[in-house]
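Both of the next two complexes hold chain A, though its partner changes from chain B to chain C.
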Partner chain A sequence: MALLQNTVYPLGYWQKVTLSIWFIAVVIIPFADIEIVNFDPLLELSLMAQGLIHADFFATEYLFQAIIQTLNFAIIGVSLGLLIGAPLALIYQHPLVSGCCAFLRAIHEIFWALLFLQVFGLSPITGILAIAIPFAGTFARVFHDIINQSSDSPLESIDSRADIISRYTYGKIAQVLPQLITYTRYRFECALRSSAVLGFIGMPTLGYYLETAFKQGNYSEGAALLIIFIALIGTIRYWCPPKLLGIYLVVACITLVEIPTLDSSLLVRFISQDIIPPALVNTLSFADVQWSLLYTWFSDIITLQAIPGAISTLTLALLALAASHFVTLNAHAIASKHLWPGPLVYLGQFILLIGRSVPEYILAFIFLILLGPSMLPAILALAIHNGSVIAYLTVQQSNAIAPPLMQISTLNKFNYHIMPSIYPNMMALLFYRFEIIVRETAVFGILGIMTLGFYIDSNFSEIRYSNALILIMCTALLNVAIDHISMRLLNSHKQSLTT
Partner chain B sequence: MKILTTMITSLTLILSLLVSVNVIATHFTFTAIPDENESQLRTRFEKVALYLEKELGVKVKYLPVKSYSAAVTAFRNNQVQLAWFGGLSGVQARILVPGSQAIAQGYEDQFFKSYFIAHHSTGLTINENFPDINDKTFTFGSKGSTSGRLMPQYFIEQHLAKKPQQAFKRVGFSGDHSRTIAQVQAGAYQVGAVNYKVWQSALSAGKIDTNKVSVIWETPTYPDYQWTIHANVDAEFGKGFANKVQAALLNMNTPELLSSFPRSSFINAENKDFEPILTVAKKIGLID
Partner chain C sequence: MITIDNLNLYHQKTASNNTAKRKGATQVIFDLSLTINKGEKVAIIGPSGAGKSSLLHHLYQRLQTSAALCSQRQGLVDNLSIFHNIFMGALARHHWLFNLINLMRPFKQDLRNIGLLCQQLELDEPLAKSVDKLSGGQRQRVALARALYQQQDIFLGDEPFSALDPLMASRLLEIILARHKSVIMVVHDRALAMSAFDRVIALDKGRLVLDSKKQSINQQQISKLYQTDAVA
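For the complex of A and B:
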């Protein structure tokens, strides 16, 4: 008996995690709305294909301006996010700071923008803050993680009389500076995407025209805009070396669209009227408050909108997580130089570029025609986008690994040597992306899939800002909880490794 | 150190940016979302701005917006003083800005209507009576649209005596009339509600295969799009300014300008013309 037990190999930590992800997905599939309704998708699909073939680069008015503004919002947004986020990274260990940062980044750029729209109007400030604020929260967290990984030994060689700032700068930050810069550059790519997406709600970026073109079926214009956008992201490293970022920032500030006059009364009105629950609007003192009305209002939002919205948000996110895992594994494989000869690797990387650059909204839009309205288009869109991002980040790492000098087949080398060494990082990224997947479900709400984002969007269009704010808070709390859980999952593993 | 310098430069730049915002002069600004064909929007409406500039003698600017709710917000914040609203967004805007006036509507907007359209697989055909669409899948247009959402939902609730969520197997919001047509034509939804003008122009542009999708019912008529002017334009731009704007709109007769909306002409309108819309919006719970 004892002999037998020894031959049973326990599952590894990451195998358990992987199986759990898939187990959860399989369990919730019967409850998820993933029906395929499709009768005649061919007509619309052929129109889309024709649009792609006859991409019309001259159909969009003010195209150059739109490109410039997309860049401007991204550059200024990232800089401002860096300016707020980097100092916060130094005090991120404080639970209050990390809690606040989690809250800031839990709210999608689109919702930040919809809120700021009420206060600043259609102004570049709206777009820039909508990028800068969640990015600050992300920078704080990731910079904190990176700085934490640096070793303390350089500190010992610094003169003990040196002031704390010098000690910290030269002893800690100097050694991780390259990683900080690499990460900042990656975030710049994210900011470009966010900047484009803000066009969907009216910022004058590429997304403005992209959404209109797709919405109205002008596919030749839409295809041209997509190509421009993908090219812009694919060539970042050529046109935006970190050294030039300062210059770009100056140019961005100069060429920004004009900012309309700020009206402080709008902020006052927003805080003192718009976001006040309807039951409280005309009350002057505490005694006037009709608690029963307030209670019905609040419980209606929670039971009719927040809870159903949260359930479908989570269902969508969990299924998308499993699907992202699947896409990640495959996408990583198609762009790995350990499996394919040079030219095919470039093709693979090009596919990853397309996968991560096309906004999820557009992907879901195409799948909606193909598969009909259910959660399926959103799941696929999220999986393709996030899978491609994770594969892109891990393939950089795995391609740097020296291939083992063993006489085994390529596939075996890949599975035996490469995959195990990058898998933990791949899974860590997947968990980190889970938080982002939950955020991104917001976009599909605007497309009509009944996530929390759907109800938030409805309330904004019905001019019920107080309801929208409650739902945004619910979304943020949901995200903070998810962030907390995934951090604990990852940390418990790290601790079990060290002990 | 380099990072530090970058940070300081960016801080100063951003601060100077925030300080310099008050220098921009005030223009008379308007916005418009046509119910169809949003391509080349700015180019087309800047021509309208030029026309108004000539008629009014003040600088006129066009502000492109993406949605009805964004237009309402811009109007409420006085970022635009004149707006081409849909029926519902106009009512919303005039509630938020007391004293603002509907001053003109399109000729067609006095008797606007929506079409209910269905995929051929449903077997539904055109009929005078409200179609039996219980338990079908159904898509509206955008959430804030009068012809794509408000009025269709009202007629559904009137005839089926149920909220759409209860009456249908699935309810969607396609976001746009051309999307509604495309999705019903592709069979993604069985039935949809669409602005009749958008349907007609898509039909004449050859974008509709009538073997796949066809009109099954048309709603009774209702008032829709209108020009609404902000309450304090007379204070900002001089006494009688609202009347001047109204006259300029009513006199707009160049086909090129009118086709941007697209309307055959503009006629007089006042707030009370849109009371049916307000009543309906309250009835289905879109306005408290």
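For the complex of A and C:
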């Protein structure tokens, strides 16, 4: 019996990862502001539920206009993003290009829009550029990754005297074209969400009317807008086959609201005065600069706004990560065909569709009305949205797994056969979404949660553009740093698997 | 046409540079010397692992500008049609803009040429069918058609008929021989090598063991070659 004394059974890799996520969340929870401030959330909830039952599709004036503009920004934004991003994908291996792209996509669409709003006003250019620029950075990176995965063997059998463009299109790009198209369609869905959310800062898209309706308590109108929006995203594959994209682009350009003539003096003023730090305005030469003033200005922004903002951004993101993990596990279980009979699976998948169609920003906004201003609405919104997205992707994988040929109960089969085979992929997706969570978290500031976006938004409304610009830079650097760290972690794990 | 002197080739297990004897690299060709003249039709035979493919790929690197290679790794692009996979052989003959337009909408002239070629190779499938829907033998003929469509003087083939029946193989071989001045081919079928080629060389464990140009060889010697492999 001496043998039995040494039964040490070490934790598995994914057990350790899961436990550390939850350990971090439990440690930081006392420092996070997660109380329910609203006095009577149930009353508000019942009002919303009534609004949902009596959804009023005709309450919104300019509803058609709003839908068209939402679509237009998304279509033109994605096309422009493709036009810039796809060529960049071919030279993405250059560190300068990848660095620039990382920076472009690290700044959220809403921050880009806030910047362009100062120059172009509420012109469609603001909405289109706000989507196109970060999307170009993302397209460059993901297209580059996809093309790199393609095999080199077709290139070997092509005559080496053929020019590089022909060799590359026939030998490489043709191999991965379906993946590129699928990804572009997915990004189009993202662009629709972003386009709607741009309404929250005043662009004439669905989000604008949604915000107004909810703020005024017109829940029947708000519910109708939400249903229209979910239906729009849920049916993308029926009304937007890739072949029609070109036609849509032309239609979008025609139906775009008129672009007001650009006031060039505004642009000049913005660049030459507004975004210059106050200590540097009216200085003509290098000698005039009051360095001490400039230093106090800069250190004030960093210590009073950037660092507190970054800390609460990270706190919120880490709590949302743990909550997303929880939602993912449950959401995957409710839509798995290994647990439920057919019709219930469809119901589960429908719930996932709703969860992933509503932008986290709009979810957070609704929870904010219900629960009052704290981190809790943001955590719930991020958890529901990201949990549904990850669950949706893993359900596709787990439903393809053949059930084991063994006589065991459904639950045992689920826990011993299905979960172990999909868990690594589920966690990889969760970590991939972490970058997105941090990015979204920063934006929640505009809803009043004290993250970096809060300070950026207040600086914009106080017309301190120079401060806002510094904070946007800080946000971008934070995102780039997290992007870099998570890439390193993923790579080191992959290497530890291969060796 | 080409002369090789004391060639040594190493197969790299890890992806490092392939210059010299490093750890992890196994030698696949040992001190091989060989001269192949213009107009010769050469068959390379030998048991598996003898270094035939390595030798052929080395020859291709040396002859690249005037040779078409039909490799064992067919290098077909699964998402493209039969037409486009075969057309890839002609990429060097056209301007890139022509190639791009052709990718979206095939030009009539090439459609006709490639249709004829497919007919000769007994490939009765619609040209627009994507190659991932083809059988192994059909895929092999698409790869062969692409090499033929390069219209080069020299043809290098690495067992281009391994998935086809012997009768079809000899019919296709005739087409290849008729369309190229010189042919160097790794052949699986020993009888075919002896009957259809005017020179046969045999490799064993990375060394040149038989050359019909220097010595007359017979079926017995060849059978022995394969037997030793089976024993070892």
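Operating definition for what follows: the second predicted complex is superposed on the first by the 452 of 499 C-alpha atoms of A that agree within 3 Å, B and C clash if a C-alpha of one lies under 4 Å from a C-alpha of the other, contacts with A are read in each partner's own complex, and residues count from 1 in each chain.
Keep in mind that, in the parts below, a residue touches a chain if its C-beta (ideal position, glycine included) is under 8 Å from a C-beta of that chain, and two chains touch if they have at least 3 such contacts.
For clarity, every value in this text was computed on a predicted model and none was experimentally measured.
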item	value
Touching partner for A:245 - first (chain B), second (chain C), both, neither	first
Which of chain B and chain C A:161 touches, first, second, both or neither	second
Contacts of A:221 with chain B and chain C, given as first, second, both or neither	first
First, second, both or neither for A:315, with chain B first and chain C second	neither
Chain B or chain C, by number of chain A residues touched	B
Chain B versus chain C as contact partner of A:153, first or second or both or neither	second
Set intersection of chain A contacts, chain C complex versus chain B complex	177
Touching residues on chain A, where the partner in the complex is chain B	37-41, 43-44, 59, 61-62, 76, 79-80, 82-83, 86, 117-118, 121-122, 125, 177, 199-202, 204, 208, 211-213, 215-218, 221, 245-246, 249-250, 253, 256, 258-263, 266, 278, 368-369, 372-373, 446-448, 457-458, 460-463
In the complex with chain A, residue positions of chain B that touch it	3, 5-7, 9-11, 13-14, 16-18, 21-22, 24, 26, 36-43, 63-70, 72-74, 77-79, 92, 96, 119, 121, 137, 139, 142-144, 170, 172-176, 178-179, 182-183, 185-189, 207, 209, 212, 286-288
Sites on chain C touched by chain A in the complex	64-65, 68-71, 73-80, 84, 87-89, 91-92, 94-96, 99-100, 103, 143, 146-147, 150
Chain A to chain C touching residues, read off their complex	151, 153-163, 165-167, 169-171, 174-175, 177-178
